[in-house]
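Quick notes on the structure that follows.
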């Protein structure tokens, strides 16, 4: 599943190796076979390993095409017949260890001699400023402008007429046309994914990408992490102000406005035409419907319906927010 | 109005062209003439185009010296006799299109061969570290220190004894003496300005500058956008902590303290000696009087008087904030 | 006290000079002698100058080994016999002036010719990408990977197997093994320390370091300031998400999780295994006990006990937070 432009896969691993890593029990049906790759439940194929640590994933598990699943003893019976189960105490931590063996290096490999890799494809009309570093097999489209000291990682592609300002880093990403990326933006680094381990948080390799569609604008010093297994996606003509944080696996629709210092946590899904005010926080796995509006500094901890306007900490319908503010003020006048 | 050190102007455009771009009606008095530049109402001259989309600008419109004004049919009658009116459905979007034609490129033009432009003026006592990129006609003053891999855009000037740390980007800006700019700061990029358009937000060219006065200190990874038409200004001896966001057209007075992760939205005006706590948000067009104090995480959504101390979301007088917190705590004890 | 790898000390200063700088009175016992260095009360030696501006430091003052103390007339009697007292109106401002004389330059001195200082020690197995700048006497360990255009300041050491991504700046810091530092991170710049002065805030030289222990991970565009006199410390296996702010003198324990856009103010002490949610603010000098959990967007303005879970603005026990939210909702239904 991991894009070979960004990740070199080792392996495969035998099921016996995987079971040993997991400290797990292999069911009778899983005595042999190999794991070629890791994947999420929905995109996995029979050569892939998945994991399920939580009963909320049972529906996705029932229909997965994965060949092998790391899971808990309690959930092992929910693994479909087409998939071999390995039950263990901490499926996510075991999955992380397997992923780290299959992908021993996931950080960008920069050129160490000349600044621009010999096999990078740079359109003759592109402008490459002083100090720019471009990694192997990156593709820079027509009339793209790369600002001073920008770093474009291996395999990254940037389509025509996009502008990348100075001191930007882009790795593990596919960038559309007419995109504007302001200075200091960091795109494509690891998402913040850890499994509980005996000596502290244990890193879960981040094997997805960042996809930026056409006409997106990204403000200075924003951070956009790549996906864990799937991709982080920003839709056409969405505009991000400065210092916005987009976590791994977030999917944002078209023509949204996200004002400065807002943060969208992992796997949140934002519709089209959404307005997110400054310093808003949206927690992970939340769904914000198209046309919704979120007032500044709100803390969005539940789904927001299409066209709904919310405000507050925690966020609630904006009228209720202001009613409560008024009620609180009256309370102290009475007191 | 746009500073020629930072922006190359095309044009002029005939009024007929402007009207066609706007999809607008030209009043009888506006049948001919040209637009040389775009401006805001207060600084415009007879060769400039302005726009008014909102009745709140009627007082400024009454006294403008602009030659041509894009406006709505309803507001067209408020345009003074000295100014030709073009009425259209969306004056701001039309203005943005005209501005984009007059200023086809507004991002910094970096050197592409040597790292330092041949016509940059660098004082003999300045220290230029490895990897620094300096654009055309930039001026670097006596004893200025530029840190590793800093990028100083074309036309930027930095006066004596200022320090710019590593990985900083400065474009479209005038920097005073004894200023300290910490690593990763981004100064002078586009403000976050968009007009509603049929296919999503439409970019409004940002044609102002950033002016940083003497003895200012700017913390790591701060972002300071340049003005839309006027300038973004930070007054003498004001100190910004890390990760502070200053939006376009903000004007900050002298000797203020702005603590980390605070954000000041567009066109807010902050007086002298103001203290703004960490993670505070100040919304756009707000006025904060001299000597005011804003407690951490407050959301300032109305003007703050001189020497007032506010706290809360939304911000209110700090005593009232704490009274309400106490009242709320009592409420649950009763319940 | 200041680490000679990062700071060059001038001086010494005579006590008469110090008294003149302070505009202060020297007690009879302090008529002669010199000040070699500045320090904090707990680590000072007889050749060091300290200051006490506030009665809360009286216990530490009683046991200090410092040779000279700048203090107020009111506190001068609390200075122990082993220490000479200089009383003045603003001890902190006077201390800042002395420190600035003893350490006239505290920003990183970057190479100005070749990108890598001749006396930097770089392990043969380290990967130094294009555009990297490395200062004098820096030490880069085995298999360390330095990303494109990273800037590693003079005297910095990075131990084996750590990864530094592109466009990172590290100065005044000691970095352990297997540390991961994502792009755009800024480590080791000045903390945000100022004394009140007649013309605005007066800079207090920042003479400490940043210490990052093994297996720490630091998200994109984080900022970690060095200590004022002591060090800023991040313990083993602690993980920081993107855009986190760590102020000077903060001490963080092992295996903590600090989610994006959180900010920890100066001298706060965080225990082991603490979870700090997104956009949380922790004010200065706060103590957060091991195993505590702080929900997103909370404003922590008092100590948090070990294993306590808090939420809110200001932060309170999480059950109380939700009870108050419910009570407020009921209030408006009644109203």
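Should a chain be cited, it is by its letter among A, B and C, assigned in written order, with residues numbered from 1 in that chain.
In this text, contacts are C-beta pairs under 8 Å (C-beta built on N, C-alpha and C of every residue); 3 or more make two chains touch, one makes a residue touch a chain.
What you see is a predicted model; the values in this text were computed from it and never measured.
At the subunit B-subunit C interface, residue numbers used by both copies make up under half of all numbers present, so the two copies contact each other through mostly different positions. Matching the C-alpha atoms of subunit A with those of subunit B calls for a turn of 120 degrees, to the nearest 5. Centre to centre, using the average C-alpha position, subunit B and subunit C are separated by 32 Å.
Listed for subunit C are residues 131, 149, 167, 184, 221, 243, 261, 279, 297, 313, 328, 331, each touching two or more other chains. Note for the complex: subunit B touches subunit A at residues 107-108, 110-115, 131, 133, 135, 149, 151, 153, 167-169, 171, 184, 186, 189-190, 192, 194, 199-201, 203, 221, 223, 225, 243, 245, 247, 261, 263, 265, 279, 281, 283, 297, 299, 301, 313-314, 320, 323-324, 327-328, 330-331. Contact residues of subunit B toward subunit C in the complex are 127-131, 145, 147-149, 163, 165-167, 180, 182-184, 215, 217, 219-221, 236-239, 241-243, 254-255, 257, 259-261, 273, 278-279, 296-297, 313, 325, 328-329, 331-332, 335.
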